[in-house]
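Presented sequentially are two complexes of chain A, the first with chain B as partner and the second with chain C.
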Partner chain A sequence: MMRKLANIVLLLVAVSLCYGLQLSKPHHGDLIGPIPARGKLGDTVVGRGFEIRAEKVEFARKLKADRFGDSKVLTTGGIWAVVTVEFAARAQSTTVAVASWRGPTGLTYDQTERLSFTDGLLPVAIDPGLPKKARLIFELRPDEASDAVVLVSEKLMSALDSQAEIWLGPVAIGPDGLPPGTVDTLDMTQPI
Partner chain B sequence: MTAQIVDRESATSERKWRRRSLWSLVLLIPLSLAIESYDSVKALLGDSDLFPRRVAWGESARFGGSDWKLTDLRGAFGMSNLPPDSVPVLADFKVKIGDPDLQNRWLGCKVMLIDKDGRRWSPTSIVSLKATDNVQTCISAIFSGAKSGDTLNLRETFLVPKEATKSVRPAVGLASERPHFLLFQLEKD
Partner chain C sequence: MLENAGSRLKAWLAAGIGTVAAIAVAGVMGAFGARQEPLPVLVPAGRIETAQWLLRPLKAYSAEGENLYGVPLKPGAKALVLELEMTNRTAKSTKDYFDVLQANLAMVNPTKPFIVLTRDSTLSPELHPGMPERMAYIWQLPDGTAPPASLELTVIRKTYKQRDNLYGLPGWFNPAPVGTLTLPVGSGPGSADIQP
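Our next item is the complex of A and B:
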């Protein structure tokens, strides 16, 4: 009788162990996904092929940009977030092409394509020993501005390659629903 | 009695085979790993410039069916509108075409500069210097329709930090020759 009971207990333990293993098994997408290199605003985040340091984040209601010599003002239903970064290549020349903004609720915004002709936007070609500044520009909902993470990688499918994850920290939201530092217009024609 | 002998014999042969099977694993596991990873290793080797073949200054080397020779490597100092502490570097090659099938033999052509620490620079698009009409880049030469016996002048422009200009050496990689690549030495080497 005791032996039967012990067997049943052993079976239950084995079943729960297997179930636990199944639950904790990483998803296939996580196993072959990008490898995060984490840091915060101002840190130099070092990936396999490139280094990145986010210098500042600015918010604006409108952006001023040049298009074929014409000055254009871009409005938005949300806000513009402009992250100024400095890149450096590590062992060889490379190109950094992809950035996105992950808000506190997990909503993720790709960098905007509305300013495609402006200088200093991705993709940027970088060489070893020659740091280069760039702007990452996102159009997002104001409530996604605080505690955001900017994700930067060389290619869109950065499987098993590093992806910089830069935490931008908390941003207070003012009574008008916007971050307090939000300016009316940011001039993207100015050099970085 | 007979049954016992048979039992004992089968037990010994079973033990023998068990041991053989275990030992064969020592061979089979590495073998299966090798077969399994063969394609990946082949792709990795075919995609990277790993083993340099040094070419002395003034000499030419057979590579991708043609004879490659470095004719000049110089910095273009004093240009404006460049990032601080950077220098454009021009690498000039003379290539005597042997096998004219450049679209296959020169596929994935990559000219680069390598410094003493192993850092690699690809050609830049920031600097564009005027060149005479008969100067081409490696990629444009692929589609130039050059015939066997022709000599092509190739030039690539790089942007490197000032501190690296002394130690950079030009290198050429082609898909048909990878993982080997040519590493050209300078006169002073």
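Our next item is the complex of A and C:
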């Protein structure tokens, strides 16, 4: 009888231990997630394969871009955010392909796919010793503009690889609901 | 002999009680609720919520392939177009809208629709959280078929899983129908929207 009871108690202890481990330990998805390399606007953020420095952020209501040789004006339901960055490869040539904008509430805006043929957009190929400028272009709601973090990584599934997290700082919102520096049209055909 | 019969009776009783209990538990857990129930009919002039999308049907029409949002249709082909406003309700940009609407038309079933952002004719772009966009679903009709008088659609939703069973990563799985939707098919892109 004593022995049976001891077995049951042991079983219960084992079950609660396993459950506690499951609750408290990070899950597989978190363990193999991207490794953050943090910095803020103007800092050089160093990752495993690339370095990135965000120079400036601009907001615009419309974008002017070339598509298939003719000039187009791209409108949006929110605003355009254009982040000008400088990339450098570290030990070997690589390609940086993925960027997204994480707003203050956690909504994540991937870089736009509507300007796919414009110069200076991701993916960019970078080589060691040859820094290269690029533009990250996002389409977002104006209320997601302040205190945003730009996430940049080489590949979409950047498991166990570094991801640059650049904090862009607070942006005031004007009475019209847009950041005060918002211009009407930004010309993406101009060299960076 | 009698003793033997008694134990048999006991065994039968035990088995019977066990079976009844198992069926009762299955019933409580909803095993018998999976009967085919008719899908609810959705109102076209309203907002339709799936877990990921908020849909607002605007108009359906048939059109010639020329200049239809820059979609690569066969020359001279007719197409069935559905325009609607889509809002991404999730927290991430996504283009997981290919299975949201299923046209219940025998003739267009084999061809997948082209999905276009009407703002600047971008073919299947990602839609961003909380930003409504007008989209067009364009089904190419086979040669020689007349466009139908009404377009019947099945709206499909998916379910969020924090961790999938294969990779342990979050995602949207298990497509299941929400309801059916029937829209009148106008002629030409000039037809009026059914709601403002």
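The rule is simple: the second predicted complex is superposed on the first by the 168 of 192 C-alpha atoms of A that agree within 3 Å, B and C clash if a C-alpha of one lies under 4 Å from a C-alpha of the other, contacts with A are read in each partner's own complex, and residues count from 1 in each chain.
Keep this in mind: a residue touches a chain if its C-beta (ideal position, glycine included) is under 8 Å from a C-beta of that chain, and two chains touch if they have at least 3 such contacts.
Given the structure is predicted, the values throughout are model-derived calculations rather than measurements.
**Q** When the two structures are overlaid on chain A, which partner does A:Y109 contact: first (chain B), second (chain C), both, or neither?
**A** The second partner, chain C, only.
**Q** Output check: A:K155 vs chain B and chain C. Expected answer is one of first, second, both, neither. What do you get?
**A** Once the two structures are laid over each other on A, A:K155 reaches no partner at all.
**Q** Counting only touches as set out at the top, which of chain B and chain C does A:K64 meet: first, second, both, neither?
**A** After superposing on A, A:K64 lies clear of both chain B and chain C.
**Q** Name the contact category of A:G129: first (chain B only), second (chain C only), both, or neither.
**A** Only chain B is touched by A:G129; chain C is not.
**Q** May I ask you to decide whether A:R48 touches chain B, chain C, both, or neither, giving the answer as first, second, both or neither?
**A** Neither: A:R48 stays clear of chain B and chain C.
**Q** Any idea whether chain B or chain C touches more of chain A?
**A** Of chain B and chain C, more residues of chain A lie in contact with C.
**Q** Kindly list the residues of chain A that each of chain B and chain C touches, one partner per complex.
**A** After superposing on chain A, no chain A residue contacts both chain B and chain C.
**Q** Note which residues of chain A are touching chain B in the complex, please.
**A** Its residues touching chain B are 91-93, 125, 127-132.
**Q** What part of chain C is in contact with chain A in the complex they form?
**A** Of all residues in chain C, those touching chain A are 91-93, 117, 119-120, 122, 125-126, 128-133, 163, 167-170.
**Q** How about chain A: which of its residues touch chain C in the complex?
**A** For this pair, the touching residues of chain A are 27-29, 72, 74-78, 100, 106-110, 112-114, 139-141.
**Q** Give the list of chain B residues in touch with chain A in this complex.
**A** That would be residues 83, 85-86, 112, 118-122, 124-125, 158-161, 163-164 of chain B.
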